[in-house]
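Each of the next two complexes has chain A plus one more chain, namely chain B in the first and chain C in the second.
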Partner chain A sequence: MKKRARRHRREEGHGRTDMIFRTLGKAELPKLFGVMAAGGKIVAPVEAGRDRENRPVYVFRETARFEEAALSYTTTKLPAKRYFLPYREDLATFRIEGDDWQKLVDYNVDRPRIFFGLHPCDINALNRLDKVLLNGVYPMPYYVAKRKNMFIVGIDCLPQPYCFCRSMGADTALHGFDMFLTDLGDDYFVEILSDTAYNFLRCVRTSEPGEDDHARYMKAVSRKNDKFIAHVDTTDLTKILDMEFQSEVWKQWGDRCLACGTCANVCPTCYCYGVEETVSVDLGSARKTKTLYSCNLLDFAEVAGGHNFRPERHVRLKYRYYHKHRGFVEAYEEPLCVGCGRCGESCLAGITVPEVIASVRGEGA
Partner chain B sequence: METGVKFTDISLGRSKERRRDDPNTFEYTYKAEITNIHRLTPKESLYRIQILDPEERIRFTFSPGQFVMLELPGIGEAPFSISSPPSRHGDVELCIRSVGNLTNFLSKVGRGARVGIRGPFGTSFPTWEMHGQNVLLVAGGLGLAPLRTPIAYVQENRSRFGDADIVYGTKDPSQLLFTYQYDMWRADDINLRLIVEKGGPSWDGPVGMITTALDEILAAKPPSYFQKTFAIVCGPPVMFKFVCTMLNEREVPMQKMFVSLERRMHCGMGKCCRCNVGSTYTCLKGPVFDYWTVMNLKEAI
Partner chain C sequence: MTDRNAGGTFLGVPLYRPRTAFFELASCEGCQLQVLNNEATLAPFLGLLEIVNFREAMTGGTDDYEIAFVEGSVSRKDEEDLLKEIRGNARVLVALGSCACFGGVNRLKDRFDPDWTRKTVYGEAPVESGRARPLEDLVAVDLKIYGCPVKKEEVEKVVTNIALGKAVVSPKYPVCMECKANENICLFDLGEPCLGPVTRAGCDSWCPNSRAGCWGCRGPAEDANVEQLEKIMQEHGFAQETILDRLECFGGFARFAEAFRRRRREGAE
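Coming up: the complex of A and B.
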């Protein structure tokens, strides 16, 4: 009985099972990639160009070539969000026939995708989104359908100066992936969570990790831990956000914010949206389209007749923090932020999460 | 040995009944027909909307205070409180004011138009908890639309309530809604007090703010009344703030006063976040809140 229950759990792919560990020689990785690429579409971090300071700019995109996958990438400008929460997608289309109509619903996914090289923060972003969009009341099929068809190979990383995933409890991924690779020098330490991953690994040479591999793994982990620079003090943060709701510091940040919505756009956990319907020119069909939105945009909370519940920038900016670091924590015991630092890196006004929260805590802006 | 990632098709797990935990329910729309339109004022009409499938119509159940998302394919979708009694199931009435894109379009369609309905969504007025107590219903303007459902409930279950009072105020007499029903309410022993902010030649009733009318009603009540009374207050935030403060001064507990909040909504299911007040979803935890909760919501009033 017990055995059956366990097998069932394992089949779910993203569920929690006991971990299986292997080591994989680095020379075997291209082969593994090849085996996967033969069976499906792979999305991987790829260097797309250089920025003004000649640093590489990374993006997630489809590739069938291992050499293109930049596995020691820092952070992509944009998260892999467009594969599970596209910026724009149709929720439904309508066929209009005279006075009558038919509604056609499609979840806009027709094949599984392999994500090769997601960092823990981005895996945790998915796990947090799952809580609202997959496991909550009214699961959202457009997300569920895509999420259920994501095969994820995670990979470890070295914290950048803007990374504060550790403060957000998102520096390690415990579940939500199929396989996770940690660099041990000549080998990867592999955590295996799904039978699909297990079967892929049977196509390449792996070995049972020994004591020395465990030691190398722990060294790699502590090397990562020593690298963190940015931190957020989350002690009592939900209460502090409540107490400081009227704080003047929000106004100061509001004065700087351009209300451009970039922060939500680059955020792997921002999912707010708007819906619009349009009719075709010949009036024969219509579509209902969902577009990701940002709560920093002026009309986010505006209602018919022109009343706006959040007319001021600082009120909208505050709301974004309030949702992520208070409301979500209250509901799910962790913030709707994984500390990837993308919003701060992209913000033209230089507004970063660690600075905003420190200032609300009275620790100087 | 099998390698490769298999495609998972979630639409295969579709449940036959419409269950909240089935993702395939998310975008399901009941197809319905506008069977009648009753112009109430130049800006507001009452739409009678019937779910077409007879079985779905019967299975559609809701509680007073809940809302539906009304969809006009190609035009848009918006939330409206159900304004008809629950006993009528999926043959609902919506009282709609023309204010924008969808609502203006709606004012031009005729009988027989096919629309979509999703829902019902949100919390409701706990009418069953009010049994054995007095009910005080206070409405400002369009706030009478959501109140019509609890009013009908009181009419249908009159023996289960003590005093039933309605205080209803609008800007001027031409904006009074459902005037044809006032006699029926009174006949069912519901005390109706009307007041308008600006009278006119045809108006011989009281003129003033809604709080004036409420004051008069409350002054006539014995002290014991306030311990045994539930209040439902629907209208603009400034109005319910004044009204609830007045009631609280007379020791009606905040947990026994209910209000309905209005926010922008694009889904009704806790996903788009447009309806958030502080970090509370109006579509899930509301639109009906007790006043204690509203007082404790950041950004509520």
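Coming up: the complex of A and C.
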């Protein structure tokens, strides 16, 4: 069958890109993985263990073995954040000799990394971080260096009961990846967004998608769409949050909150941090270390002199929601939340975004 | 004549080397042993302090010191007298480890009848062994270094900051922050009880890193929501005794444990 690859033209950043579609037999995927592994370090979802109910616990980890990559994973406990926003990172180190000192800056990137199997929510998380840390007025070089050295293979997923990516406009990734795989049964439907991805695919057997492949693709998409359970009503949410600033419900959630910072640590878009300077015990070196922080922690808004702008738990919890669902929306027209549901799943106190926002809207809870 | 407190220099600025003493009350002396660990950095560590009294590390000793590190809880009259004497001598008194900060693991005996515990351990020997109390029940404490045992890296940091005149601070947030940064699987997911969500961080989630739940040796984080964690632990099916065992192990959560017992009594009535 002679048919040209369908091309969709769309805007991306400052230039224009063409999306090319191919189908890839599932048997070819290990080969593709092998080709990539030969060229760089691969980070993929792998099973790290089992929880108390014998459910697999997934993490993103470096692996060179295709069999280890759990491509039908649900959600990793932690996002891939440590590869682009490490929990701890030295921003500078200092060598001290006598009266003299020398500053050394390293963006902590030693090689490009291949991310094999990111879900749309996690790709969208990167795209939203880019707005602040890459395309913002003051780009963060430590982030930019890592982000620019990522090669991303996206993969489709089936929504879990806690997933509300759809409500956050993050169920589909439009850009921010190199290639995207959708499971069609025996084949993958492949979207190609970069020439690097195109060149990788030339090393394996792919074919031109036909009408039947398009039909299978659309069926896969609607199967996914039928699976959503959790929802967040975002209608007029920025205004409603303004109106409900003094709502009693914040207090109720604050009473439950452990102020442990876990929601921020498992969040693929939380980027707030603290900086600490330490001198080595032999006084011969020093380091300036950035540590990811959380706005739910007691001293997040503590300033010189010990004054704390947000000493109460419910106020801190509220500001996390205001940053993500109000302030960021006003600045960038989308929330700083991709609806991955990790925060709610990891919160021991059972505080979930859909429930908190429903309660602010006067529904449920 | 040379200044007896002359230390090294940092960026050309001369450093003051304080005269320092180490003491122990009721304890295992493990925290002092920790101070002597990390051989690789022991020499520079000792270069920051002039140690003039340290029974575990040297012979002799003097009462002419400025900083006193005191390990252990107070459980006898002679310990009470010694502590007051140390306080009188020292400009800065540092509580070293869980026993000094909270009474520590010694305090477990306070769960039982004091006569029974004394007889069980010492038989008929005439040994004085009272309630295990933290230092601040008796004297003013200037600085606390938490942990059972203390972490040498943290002691090094404290001493370095003292030498440089930097502020000495402990994290106010709980262990969960460090545990997540270390990418551990949550102990609750593994069906283990853990006090990490309410315990002061600074240990780099030492126990959870080995898949052992936190026992709260560093005491409560500031603004710890202990009551909520008690509810969560019960929802996860942990017995009330299991929760109390954790809360009472190191003494830091004593007031929360008392409140828990009180609520349980009232609930039973």
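Here is the rule we go by: the second predicted complex is superposed on the first by the 345 of 365 C-alpha atoms of A that agree within 3 Å, B and C clash if a C-alpha of one lies under 4 Å from a C-alpha of the other, contacts with A are read in each partner's own complex, and residues count from 1 in each chain.
Quick note on the criterion: a residue touches a chain if its C-beta (ideal position, glycine included) is under 8 Å from a C-beta of that chain, and two chains touch if they have at least 3 such contacts.
Owing to the predicted nature of the structure, the values given are computational and were not obtained by experimental measurement.
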| item | value |
| --- | --- |
| Chain B versus chain C as contact partner of A:256, first or second or both or neither | second |
| Touching partner for A:332 - first (chain B), second (chain C), both, neither | neither |
| First (chain B), second (chain C), both or neither touched by A:87 | second |
| First, second, both or neither for A:266, with chain B first and chain C second | second |
| Partner chain in contact with A:96 - chain B first, chain C second, else both or neither | both |
| Partner contacting more residues of chain A (chain B vs chain C) | B |
| Partner chain(s) touched by A:228 [first = chain B, second = chain C, both, neither] | neither |
| Touched partner set for A:139, first chain B, second chain C, both or neither | first |
| A:279 touches, of chain B and chain C: first, second, both or neither? | both |
| Chain B versus chain C as contact partner of A:21, first or second or both or neither | neither |
| Footprint overlap on chain A, comparing chain B with chain C | 96, 99, 101, 278-279 |
| Sites on chain B touched by chain A in the complex | 1-11, 20-29, 31, 71-77, 99-100, 103, 112-114, 116, 262-264, 266-267, 269-274, 276-280, 284, 298-299 |
| Interface residues, chain A side, partner chain B - complex | 35, 39-40, 91-92, 94, 96, 99-101, 103, 105, 107, 110-112, 114, 132-133, 136-141, 144-145, 148-149, 151, 196, 199-200, 202-203, 242, 245, 271-279, 286-288, 293, 295, 300-305, 309-310, 315, 319, 322-323, 326-328, 330 |
| Chain A-touching residues of chain C, taken from the complex the two chains share | 8-12, 41, 44-45, 48, 156-157, 159-161, 163-164, 166, 172-174, 176-177, 180-181, 183, 185-186, 188-191, 196-198, 221-225, 228-229, 232 |
| Touching residues on chain A, where the partner in the complex is chain C | 48-49, 51-52, 57, 59, 77-78, 82, 87-88, 96, 98-99, 101, 255-262, 265-266, 278-283, 291-292, 294, 297-299, 313, 346, 348-349 |
